[in-house]
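In the two assemblies presented below, chain A is common to both, partnered first by chain B and then by chain C.
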Partner chain A sequence: MSREPYAPSMPRAWFLRRASERRYMLREASSLAVAGWSLHLLWGVRCLGAGPEPFAAWLAGHTHPVGVALSSLSLGLLLLHAATWFVITPKVLPQVVAGRRVPALPMVVGAWAVTVAVTVALAWWIGAPDA
Partner chain B sequence: MPEPVRWTHHEPLRWALFGAGGVMAAWVLMPLVVVLGVLMPLGVVSAEPEAWAAAIGSPTGRAVLAVALPLCLWHAAHRVYHGLHDLQLPRGRWVRAAVYGAAVVASVVGWGWIGSLGG
Partner chain C sequence: MTAPGRRLEVQRWVPGRDDAPRWQAWDLPAGFDGSLLDALAYLKDHEDPTLAWRWSCRMGICGSCGMMVDDEPRLACEVFVRDLPVGTTRIAPLTHLPVERDLIVDQREIMARIARARPWLEPRPDLPKGPVGENLQPPAQGLPFKDLSHCIDCLLCYSACPQVGLTEDFLGPAAIAHALRYDLDSRDAGSQARNEAIQAPEGAWACTVVGACSTACPKAVDPASAIQQQKVRGLVDWARAMLRPGGRGGREGE
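Take a look at the complex of A and B:
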């Protein structure tokens, strides 16, 4: 007589039950936006190497309604990624340096400041549209 | 006498690359999505291909993309691989090799494209 093996039951959509678990899965899903945009940008580099016409077509895709919708969705997921990531950052870095506690808040603010600075620098680099 | 530190498994290395990719996603990829995906369609930033080609093709642009994008791909692969467990999907040795391997292959192909811009 064989014994029944223990089969723990867990609904596949277990993460929909609690708000914290839904947020967790959404945060993990942000990696799809990260992968998608990374591949999209590498494709843009390939288009740039292929010539002015393919690159202009790649760039123009961003102004298409589908492009705008995908970018907005990606931005939402990337904001969630950054917000959660910067909260984790002070926790995974050394919390005591030279015998002194390192406060977490300046690190979170500093991390956001880098994101804002890079965004402003990139926009500055590309420049405003010609009037 | 303390035990000598031995390399027993690769997860710390995978996590370190995942961590670096998470930082790159927040510091480099998100600004690109904001400027290229939102500010440019809104007309705040130039949509001239020449302006974008000059930035992407510059040594700074190519170096930033060459560092940030492969790390972002690794970061995503790490989360997708661990997410398979959350979704009760199989994740054996071959699935792991396929997920992380896809990030590596895309990175190598991408490096080739970035490198060919240097001419």
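Take a look at the complex of A and C:
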């Protein structure tokens, strides 16, 4: 009997099939928010260099409803990006070190602790709480 | 009280008989208890003797009965009919692999990829051998790769991984996990030879950490972690090669 294997093709919208794949694509898409916010900050630096008025206009943009919406969306996606990144972090490291299993949870908690500490330190240094 | 019956919708494909894969549904008797593998055997005995699938051990060891159960790659012997949702469950052959007939896939091409990772011990010549030439190892030195050695080549990870379907010739989760299993072995000197395939663009670096391989793995091998560890090993090798004057790079057997 002759063989005639059937070769299935990958559907174009494969990432919509399973919830895990939809979450994966959202995680990947959140990197666009990180890039977008970085460009926005660079734009702010450029405005600062251009003088007090352009910088004031750049700052004022943040209080506009659209600006607030975009900032909130970016913050949400940035937090999602960080959370998913920290979940992956333990996977990069060997699972057994010096004959002992390395638990993942302390690494994830530690990453968040460092993030919070650095954020608070930066906010304190910049003087954001006083503003 | 008997459990309500389940309906199985099975993807059929018989070369020469079917023009394209089609779905065929059967109802299991109410109260049917057993694994999905038992259910398929029941259907073959009572409904259609031409239904074909691959199986052997019935206990999650041989890795033969992988198939898609409602779009998730599972071992049919580890899926119980009582745990299926009441209603219809779709059974299909493992994705990303050519379908030979019904639920049987052609594994040869993927097996060849696994072989490219050189998943065998290349013994260090400097270590003393056992009485009949064994490569001896204290148990503690076996711990770093113990989980990785549990892989049964069921290929569920290949079906779970979208990159296997998207990136042609991606070495794949099990192959890269196998390589790390031997790379971490204190008796092994084959890392450098393995790296040719592992550190290639279609090796570990084609992985985008979807993580589906580790979710699908019935043996908790965590291939997603193995692949990321291989990336780190590759980076360390690269950095070492950059720092070494006149060095060509690549990991020495150590």
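Quick note on the criterion: the second predicted complex is superposed on the first by the 107 of 131 C-alpha atoms of A that agree within 3 Å, B and C clash if a C-alpha of one lies under 4 Å from a C-alpha of the other, contacts with A are read in each partner's own complex, and residues count from 1 in each chain.
The rule is simple: a residue touches a chain if its C-beta (ideal position, glycine included) is under 8 Å from a C-beta of that chain, and two chains touch if they have at least 3 such contacts.
Since the structure is predicted, the reported quantities are computational estimates derived from the model, not experimental observations.
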{"item": "A:L78 touches, of chain B and chain C: first, second, both or neither?", "value": "first"}
{"item": "First, second, both or neither for A:L59, with chain B first and chain C second", "value": "first"}
{"item": "Partner chain in contact with A:V68 - chain B first, chain C second, else both or neither", "value": "first"}
{"item": "First (chain B), second (chain C), both or neither touched by A:R18", "value": "second"}
{"item": "Partner chain(s) touched by A:F86 [first = chain B, second = chain C, both, neither]", "value": "first"}
{"item": "Chain touching more of chain A, residue-wise (chain B, chain C)", "value": "B"}
{"item": "Contacts of A:V114 with chain B and chain C, given as first, second, both or neither", "value": "first"}
{"item": "Partner chain(s) touched by A:L41 [first = chain B, second = chain C, both, neither]", "value": "first"}
{"item": "On chain A, positions contacted by chain B and by chain C", "value": "10, 15, 28, 92"}
{"item": "Chain C-facing residues of chain A, complex", "value": "1-8, 10, 14-15, 17-18, 20-21, 24, 28, 88, 90-96, 99"}
{"item": "Chain A - residues contacting chain B, complex", "value": "10, 12, 15, 25, 28-32, 34-35, 37-39, 41-42, 44-46, 48-49, 52, 55-56, 59-60, 62-63, 67-68, 70-72, 74-75, 78-79, 81-82, 85-86, 89, 92, 111, 114-115, 118-119, 122-123, 125-130"}
{"item": "Residue ranges of chain B touching chain A (in the complex, touch as defined)", "value": "19, 21-23, 25-41, 43-49, 51-53, 55-57, 65, 69, 72-73, 75-80, 82-83, 86-88, 103, 106, 109-110, 113-114, 116-117"}
{"item": "Complex contacts: residues of chain C adjacent to chain A", "value": "13, 15-16, 20-21, 71-72, 95-96, 98-100, 106, 140, 143-144, 146-147, 162, 165-166, 184, 208-212, 215, 222, 224-225, 228-229, 231-232"}
